[in-house]
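Have a look at the structure that comes next, please.
Going by the order they are written in, the chains are A, B and C; count residues from 1 in each one.
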């Protein structure tokens, strides 16, 4: 052990004495908040996929339309229960070993056996058959190809696993291969010269995980990083005035929402949930905290989610008087200290949220103040995010504040089904069920027929809007700063890729 | 020869202490992790899968995979058994070998800690001596004011200000990362300034006191040679509290760096420990705590030896 | 040269510095006790559309990131921060100093026992200790106090023990011990005068350490629930706005500087030898 530490210390010294990679004009440095500490696609898949080290069978473009990845085509059987994916030929992994149906089948089987998108799909078997990959289902599930575009279903080489099945290396088929990996902070990449598709224009890239937004903004401003993802509102505003960078904000299908325990006597009546919603000044939160005034969520699904955003819904509004009236209807009267009481109940509740997204505690503090106005006393607990699913399971949660990503897979129906299907979901409805919604969602999941889906989706979004099992607050913007001189940077709203394979330096 | 025997004795004592510390720290940190409220399976699943993918089903899968529902005594015995074979196990969150992870990060941490101590001594000793030679003088006043100011600024704020000045405005040094010697300077300075804020006062007090004492003895002597003698005596007497104090600081430093590591995106052990504690990565916490404990013992040995060298009369085992 | 300051009017200098320090401390105390009523604003009342405003007639020190009145928050934070600083100095300083004197006085097993305990505390991850205590009663202040004190006492202990050993081994003290003078007498006459000044330096900085420790804990998301105002917590909260509104994060820092400076001056820190 001592030897290893000495070796590491010397290694650290050696790397320190090397000239900075950034001095090489061709390398592009990306900075983002997410640390990469594991070789396991189930844990670090998001970063591995974004950096284009490993690839999926199915790819998606910026609009969410599916396109071939490592699979060239896919077909479902008549009954929709057997899917066959034809695989691309002549593809090799970074270590030179060939990619084939066996590798795909073992990677996907591993993903399926672990918690993730596949384990939630009605999959009954994954097998390599005659050079193709065959997935069998229990019932029809049209969104299956979309799941194969998810970060946890990327394909590592069989040699990435040690004999016990633990991932030990980052070897994939993507346009970039790993040259150096210092968990959890950085990854150095070089171009995969044997890539099957279009070769990237840049020869090397490096990734730096910088957890603090202040650091990332400074990295962008000084030019130490060329592309910086997820800026805080203050840093974004500041970088807008810096000449050497360009800032971009792309709306993404992530929404800050409140999960309300509808099984709790305070919130069982939809009017109570509506009152809480009416008391929220979304415009204020969007203007002062997230600082994209147009992103105040007037319904759950953001416009970025084309198929699910329902333009015909009336916007959720801010109306204190109406909120108070609704609560009065429910028998609540104002107590001596201004907090509502009903019998011997006092409208005092606990909100659980987490600090991993810095805006959440701020929004929680804003809600505390806004709800005080209608006589609701809110205590805020900022802790680990697992407290929300844990509170869902044991029924102790009052309200939970979090950010839900409906763009995990190009087709969000899997996520929506989990959240609002029968029994609700850990990150969805709690103590709330609606037979019509559950039925409609099952039908949407089973069909690929656009028109049939649209009608059902409109119905589902309407019911969610009226019943408010989740109270939406603001939608997200994906903020990025790009060094001037860097061309062809495509910001993916689904956040599947940093698009490094397409970028180039202008002459 | 006569100097060597106590040296060996000190080494032997510390060696025994090292083994004890290793076992005790491992057990105590295990007990503490067990005592923390909340379901470990949920925390570990959260650490692994992130808030987009983590749910109750994932937590249950983790519980079964890691055998978290086994009696805690059994889990502890497993760890101790593996420890006897110099195996610290696998990170419960990342699935990587704990020894590998610590070995990588410890190198960077030690480098940063060393940088910080060097920076703090480079600042504290000259400033402290200058202030102590003339208590109440302008150097003393200014350094006191600066010390208080530096002490009242949290390390993260100091860090971003230094970055703004040296990396963004002057473009002399990089903002963050760990690829060159240049990357080491700003985080070391951030930590070093915070340390020097207190240690320069310790130096100053020690020098002032020693001066007063020595002047009483040498009050009747005049001339340059007396001054040099006085200075030498003063420095010798003053260095004892300083070395002791640096020792205490080092212990804070090794884990206190977490904030500076986070601000400067520096891959260190403090950062890893905090993440491991939050994610209930018990194997990682035990491994890290054990390593820090061992380093602490080694550090104490060095301080003992240093004190012995400076002043044989007041030292101890 | 070097001892010129001792002769030329030290009494007056000492008096003026002490007076300034003590009156600053008194002022801080008064502010902490009656200040919140003085400003007349609710420190938790937000005005989201009026956030990060500079000083104005309505908000003397401007508004924070949620549009809350900074003056009201600083004053209500003063209560918490000053009591945190005072408590942590007392709860860490007194046991630490006593343990240090005991270790030096008795030596042998007592010394080794206390020394090992201090080593064990230092060798354990301090954050784990604080987290443990914070987890026992989430969002409570005493847990934070206790956690911080538990890691801070070692500093007093080490300092006292090391200095006291030297004092105790001096001929004068050895003579007193041989004469059978009471321990209390020796501690009062010899040890305290010798280690007192240095200890006060440690304590004054320890007060600042306690407050910045709260800021550091906030940085790793451990600490108090909103909307509590405390200087350390405010530093963490206002960090993201350090570029566009640097005057916000500077305010709690300056409050802390004034407090530590006042502590220093009132114990005669500057003119000590």
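Basically, a contact is a pair of C-beta atoms (placed from the backbone, for glycine too) under 8 Å apart; a residue touches a chain by one contact, two chains touch by 3 or more.
Owing to the predicted nature of the structure, the values given are computational and were not obtained by experimental measurement.
Shared contact partners of subunit A and subunit B are C.
Looking at B-C alongside A-C, one finds more C-beta pairs in contact between the chains of B-C. In terms of Cα centroid distance from the overall Cα mean, chain B ranks first.
For the pair subunit A and subunit B, the distance between C-alpha centroids works out to 37 Å. Centre-to-centre separation between subunit B and subunit C, using Cα means, comes to 21 Å.
Centre-to-centre separation between subunit A and subunit C, using Cα means, comes to 43 Å. Among all residues of subunit A, those that touch two or more other chains are 214.
Across the assembly, subunit C contributes 239, 242-243 as residues in contact with two or more other chains. Among all residues of subunit B, those that touch two or more other chains are 38, 156, 160, 164, 262.
Per the touch definition, subunit C reaches subunit B in the complex via residues 1-3, 5, 10, 13, 111-112, 119-120, 122-129, 131-132, 135-136, 151, 154-155, 158-159, 162-163, 165-166, 169, 197-198, 201-202, 205, 208-209, 211-212, 215-216, 219-220, 232, 235-236, 239, 242-243, 249, 253, 256-257, 260-261, 264, 269-273.
Partner subunit C is touched in their complex by these residues of subunit B: 17, 21, 24-25, 28-29, 32-33, 35-38, 133-137, 140-141, 144-145, 147-149, 151-157, 160-161, 164, 197-198, 201-202, 205, 208-209, 211-212, 215, 240-241, 244-245, 247-248, 251-252, 255-256, 258-259, 262, 273-274, 277, 285, 288-289, 292-293, 296-297, 300, 313-314, 316-317. Listing the residues of subunit B that touch subunit A in their complex gives 38-39, 42-43, 45-46, 48-59, 61-62, 86, 90-91, 93-96, 99-104, 106-108, 110-111, 156, 160, 163-164, 167-168, 171, 174-184, 262-267, 271-272, 275, 278. Against subunit C, in their complex, subunit A makes its touches with residues 213-214, 217, 232, 234-235, 237-238, 281, 284-285, 287-289, 355, 358, 361-362, 364-366, 368-369, 379-383.
Across the complex, subunit B is touched by residues 1, 4-5, 7-13, 15-22, 31, 35, 37-40, 42-43, 46, 114-117, 119-120, 152, 166-167, 182-186, 208-212, 214-215, 218-219, 221-222, 224, 354, 356, 384-387, 389-390, 392-393, 402-403, 405, 408, 425-427 of subunit A.
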